[in-house]
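Before anything else, here's the structure in question.
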Amino acid sequence: MARLASDYRAVRSVTRSLAAALSPEDQMVQSCPEASPVKWHQAHTTWFFETFLLRPFLVNYKPFHEEFRRLFNSYYNSLGVQISGKPLRACLSRPRLDEILAYRAHVDEAMETLLSARIGDEAARLLLLGLHHEQQHQELLLTDIKHAFFQSPLHPAYELAPLAAQTSVPVSDLAWHKFNGGLVEIGLTPSARNALEFCFDNETPRHRVYLEPFLLANRAVTCREYLDFLADDAYSRPEFWLSEGWDAVNTQGWEAPLYWERDTTDETGWRVFTLRGWHSLGGLLDTPVCHVSHFEADAFARWRGCRLPTEAEWEFAAYGRTVHGNLLDSGRLHPAKPHGRGLEQLFGDCWEWTSSAYCAYPGFQPLPGPLGEYNGKFMSGQMVLRGGSCATPASHVRAAYRNFFHPATRWQFSGLRLASSVSSSNQPWLPPCRP
Amino acid sequence: MARLASDYRAVRSVTRSLAAALSPEDQMVQSCPEASPVKWHQAHTTWFFETFLLRPFLVNYKPFHEEFRRLFNSYYNSLGVQISGKPLRACLSRPRLDEILAYRAHVDEAMETLLSARIGDEAARLLLLGLHHEQQHQELLLTDIKHAFFQSPLHPAYELAPLAAQTSVPVSDLAWHKFNGGLVEIGLTPSARNALEFCFDNETPRHRVYLEPFLLANRAVTCREYLDFLADDAYSRPEFWLSEGWDAVNTQGWEAPLYWERDTTDETGWRVFTLRGWHSLGGLLDTPVCHVSHFEADAFARWRGCRLPTEAEWEFAAYGRTVHGNLLDSGRLHPAKPHGRGLEQLFGDCWEWTSSAYCAYPGFQPLPGPLGEYNGKFMSGQMVLRGGSCATPASHVRAAYRNFFHPATRWQFSGLRLASSVSSSNQPWLPPCRP
Amino acid sequence: MARLASDYRAVRSVTRSLAAALSPEDQMVQSCPEASPVKWHQAHTTWFFETFLLRPFLVNYKPFHEEFRRLFNSYYNSLGVQISGKPLRACLSRPRLDEILAYRAHVDEAMETLLSARIGDEAARLLLLGLHHEQQHQELLLTDIKHAFFQSPLHPAYELAPLAAQTSVPVSDLAWHKFNGGLVEIGLTPSARNALEFCFDNETPRHRVYLEPFLLANRAVTCREYLDFLADDAYSRPEFWLSEGWDAVNTQGWEAPLYWERDTTDETGWRVFTLRGWHSLGGLLDTPVCHVSHFEADAFARWRGCRLPTEAEWEFAAYGRTVHGNLLDSGRLHPAKPHGRGLEQLFGDCWEWTSSAYCAYPGFQPLPGPLGEYNGKFMSGQMVLRGGSCATPASHVRAAYRNFFHPATRWQFSGLRLASSVSSSNQPWLPPCRP
Amino acid sequence: MARLASDYRAVRSVTRSLAAALSPEDQMVQSCPEASPVKWHQAHTTWFFETFLLRPFLVNYKPFHEEFRRLFNSYYNSLGVQISGKPLRACLSRPRLDEILAYRAHVDEAMETLLSARIGDEAARLLLLGLHHEQQHQELLLTDIKHAFFQSPLHPAYELAPLAAQTSVPVSDLAWHKFNGGLVEIGLTPSARNALEFCFDNETPRHRVYLEPFLLANRAVTCREYLDFLADDAYSRPEFWLSEGWDAVNTQGWEAPLYWERDTTDETGWRVFTLRGWHSLGGLLDTPVCHVSHFEADAFARWRGCRLPTEAEWEFAAYGRTVHGNLLDSGRLHPAKPHGRGLEQLFGDCWEWTSSAYCAYPGFQPLPGPLGEYNGKFMSGQMVLRGGSCATPASHVRAAYRNFFHPATRWQFSGLRLASSVSSSNQPWLPPCRP
């Protein structure tokens, strides 16, 4: 229990510090339908603890404000009609930020009371879920404010200190790691005895899948490689694109990743908006490309004669490895150069799009009650991403972790890693210019 | 010049006090495409003086921030591409409210310098235009924040003090004032000698129009009369509606004026959202109905066997009368009961929709340069309203004043006054139940 | 009555012959929401006579098909819910064209019976309305099939014979006709005694208006003049455009009139789609420009330092003149060169956009019953056009005739004639190159 | 080769006879964006043979019309810009139906020439693909005209003869077939030697998958069972629905399968539109429910405590069974009652939605060239259906056949079969009232 209490304090304080530099006004902005205001993230994560922990488990708990029950519900239909559809979130000037912060303090205090006594397994599981839920919103808080600041005509930086310089040693060529596959297991079946081992319901149960032999690239695709894709006129050539991807290119007017903007003063012709403001693309060429949609990731892989990995391949390759990399905890807030040793960048830097649609594992059972709406009801139309990004808390992610977004989504730190089937007659093809 | 300086201070201070009670967060909200954040109103009105007065006329004027020139341009195409399309205004967390206030102070100080010397006629005319421009935004500031607070799930009140009670003496029946018409003049031709007489270019020139004899109601249509319209199932009967109005009823799901919400606890079945929060409709029955579209006003008039007045009829009836009524200066912020004496409520309470489309007067010449975009380019698809509302500064409106909005617009304080042709065989018909 | 019967036969036979060359398939096409299939025009005009003449006035009339009552109602809400919203009209493969033709024959036969006896004034008025209604649909039939054939990838010609060549004598320079104006009368008050004098309710009553002195161009604006407008980059310069017009230019991607298509083989760089197929623009330079929206007409006039006439100015200038010109009866089906004598092209060639919004005349009373929906309910958001086009039957139009469309409409034969105020200090300005 | 020629003749004649009863007008209708006019189906299937067989393989082949190459291309980007986007297909009054039929005859004649000689393996494979392509369009022709006739206000029947009556013996209760699963194979690897064995590229290659033990229902879900779902208010209860499904229910206003219409005269309260016109739902209660979306199928299964099968489970269960059932060849054109013996209705009656997103099989390689666009580029956002319907030619479908549509699609004959995991603690649950 002591660990639960300290974990609670730690996670909550991360949210607090991520939002600390943002004014009440900054925390109001909602710049696209997928995003939410930072203030709302702060309130909604608090609502989770109040709704699922304090109301059911803390005797005599006095809610901070009765209206907040509806106000900060995100999408749990079984908890009643939501008062705040996403487009309304930008109208929430009231409650004010200071009231939201008081709400956080009120709930934190009550949680301390709850956690000072022994809590049962069910409450412990809900608490863990609440912490992981808040960590998800920490990542969203960063990606949402990045989008908001990009829309803002003054283009403010979230973090004023510039990106730390990295070694100028060029990144080594892409190398392939071979996996034999076979009948393997993926997913997790939570231990019945240890309530403190956490995974989301969509990662369960552990189950067998058969994998053909496959190759996986040693690192993520870099901006330099992606520039080659642009230089080959790929955004104008339908042969590389899924049909809906080609539609997206044309209706959205895509011609590069999100946050790339033409800049004739840069050697590459582009500059990139980061959480630390504008940055020359020339200085980021060896870092993983990010903020690409699944459609772009898939088209890049096809152009390169490769493919995206399935989520099972990815998880099998990552299984057993320490979660280590350029995650939120590094404080960099942007993808970094690979080190050039072994199979790297699996965790952190950028989420990696897979070729797998987000579906139920065999034997999947959603959580009972409203929390069953957490993951299961989104199992249509979305694609799985793996591995976390530079905005993901290190304690949040693991090899089995399934993130999911619609294939046209670009505002997350989403990139890709190449894969290839071994059995196919054609070995992975690398364009002659970049052997 | 002394009067100009004191007018400048007076108008600017009204904006300041209207926004004073609103937090930085409240001033960020943009709840519909027609509205703008309060903070933006504060900045844009300031931009006007900086752009049209200080930059051209004040030697050595140092702009507050170069970027603001594009940032707070609303729609003057001739001043360059606007950086902040309306949908982006809600993303303007930066500049912060305190920076906007500093911008206001900076410009006010420079304006004092400018006004401390003698300024020429052209500058004087621009200054007057800037003051009237700012007064227009004062009204918008109020209607925009009303809309924002209505969207907010907590429905905060802009003004905490409740509406002042009014006498319970019932309002007298509607009476008709007859006008013989003939060849009359409307519009204004500004005096060449007196730069301090102000009117907008769209009110010019004074010109002749021929009016047939007509009747004008002594007061605006009340909520009680509008309830009869509802009770007669008017929102379900196409015969009363213009074709595009009937479409709007069905696609927008209108069933009452904007800000009316069903309330079974009220005798009337409705409550009304005001700038002072929710109010029983039962307590407002004798006040003018407002927040109706042109389509609703027109349908009400047709249902009643009458019609809306033309703008020429309205102006002819109002010409020469003192601007007096329930305007912004009364501080009520909501329409009030008529007194029952004479032709009243012409000024204040609510704007009155006319049957006139907003077009150029014969001989109309827009202002030269970018200010020619102020009025003239909107002369398509909009309808004229007359008389000002409870949110209009008294010094802003006059008999010749032409306001204009699209016929489906409802977020302004817009109501109606009945008119009728005398020459028609059928005298204005009043439903038997309400003679 | 004999005249009524012969008029009936004449009008009905025009529809028949206009549709004769079109296959059942051609008569099915609906290529834009404003248009209707030719087959539907044939049925709906017949429905009018069945609904308003045969059912009420012909004893023992047996309707052709009960379902047709709903099926071919266009927009008369008072006659019940319409079964065929405009987007559904292209689904009407049944009834087949041969059934529609049988319907026409059935109604024509019953009408002969009705007309063989003496009919009363009410029936006579309805019959006249039905004939004018059918003439309106004759024009729509042509403009709709022109649009359909333009959308068709094979671009078939409606009429195979090419446009008759015209004299190569260049058209004379634009000249101005001056009118003194004053208190004049426009509109019509139908004679109570003569049921055979026809006008639409929206033309009534005859009433006084005051006109300032004005100038009217002797002819319509030509394609050559419009090319100058294009050459001056007018579609990229916001200063010439109404605000909603500028939006239309940008969202619709307009860069020339509808039916102009770039053609590098033509000296002018353009070719034009006509009812007789593609035509070199070079061969049409002296003919009136047509298929321009109100926004384009208004922008052209402003670019030229002039303005559009009001509908009262136009009618006053045209009053008393014989309806004579390049109308449907000429069989040309496209605007023609002016002759260069006097005030010409008032009737025919192309409808002329005015600066007047389509509103009720003072004292206007819509027809009683469902026919009151004919004109009155469209009095919002539309602009008046005058004079008829090369697709208008000569017996259909007159000086008082008010046509009306939304200002963005382009699929009609709509062009413009310049006007100017005399009183304004600046005389109408003509660009130096074309004095 | 003789078999190829006779297959060619057989397939082509089916298209001809399916369209034979439809007038040129019927063949023009396009009633929703997913559908195409029948005439277009006839031309596009012919275009396939001209483009991929005659142009490359028949010496001196003279194309019927050069423009048709672009005109009847559906979505092959690599063959150039398509002239006829789907929304334009309803504008294709030209070429006329008789010209399309002449085009078919022209191509058929040339194909006879080609097939009279020996053709190579590549041409044979393309021919087979062309035949299967045409069979797909035969099914679409039927589902598209069904939709068109449903939109038509006269609701014509495609086939005038009423549905054949079926035995009134009630259908037996649902029974479960158990499969042990394990490491199994699905998909097909085409024999290199036999060009006449056909499958689509998306069915390849044959590969291993691991299946947990599962139960599969003996038959499709019936209308009677679906009525229970409605009676339980399922369309108003979000807990059964995927998030995007719940959105679809609300935005589309779904309250029953497509083609069900309320009918107070029927005991069930509903009637159903079929290719043979309206039919009492009461007379179809024991037939499979069809025209439901994936969202409805998935919600029904969840409501029933079950789930949809994966495509691997379905294929494994169907593998090795004879393709036999109520397919197009039965001529019924509507699902039929099950016989009550064994695992039935796998083939025919209605396509069965699976829980599998449409993705690439491991090792999948699209066909080279433009035909690689046939299947692969649609591998996003769609769900797999299996088994064929009453509109699928029997020679077209097989156990490995993968059909795919967006999950909101309803205009196909799409229904469902229940499945359940065995390993889960809860056995498939059947509501008490229907054990």
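Residue numbering begins at 1 within each chain, and the chains themselves are lettered A, B, C and D in the order written.
The working rule: a residue touches a chain if its C-beta (ideal position, glycine included) is under 8 Å from a C-beta of that chain, and two chains touch if they have at least 3 such contacts.
These numbers were taken from a predicted model, which means no experiment stands behind them.
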Any chain that touches chain D and chain B: A, C
Quick check for the class: compute each chain's Cα centroid; which one is farthest from the centroid of chain A? C
Once you find the CA centre of chain A and the CA centre of chain D, what distance in Å lies between them? 37
Whole-Å gap between the CA centroids of chain A and chain C: 58
Geometric centre distance via CA averages, chain D-chain C, whole Å: 47
Every chain pair in contact, whichever chains are involved: A-B, A-D, B-C, C-D
Could you list, by residue number, the parts of chain B that touch chain A in their complex? 23-31, 67, 70-71, 83-84, 88, 90-97, 148, 151-154, 156
Give every residue of chain D touching chain A within the complex, in rising order. 75, 77-78, 183, 207-212, 238-239, 241-246, 294-295, 298, 307, 310, 355-357, 359-360, 362-363, 365, 377-381, 383, 407, 421, 423-424
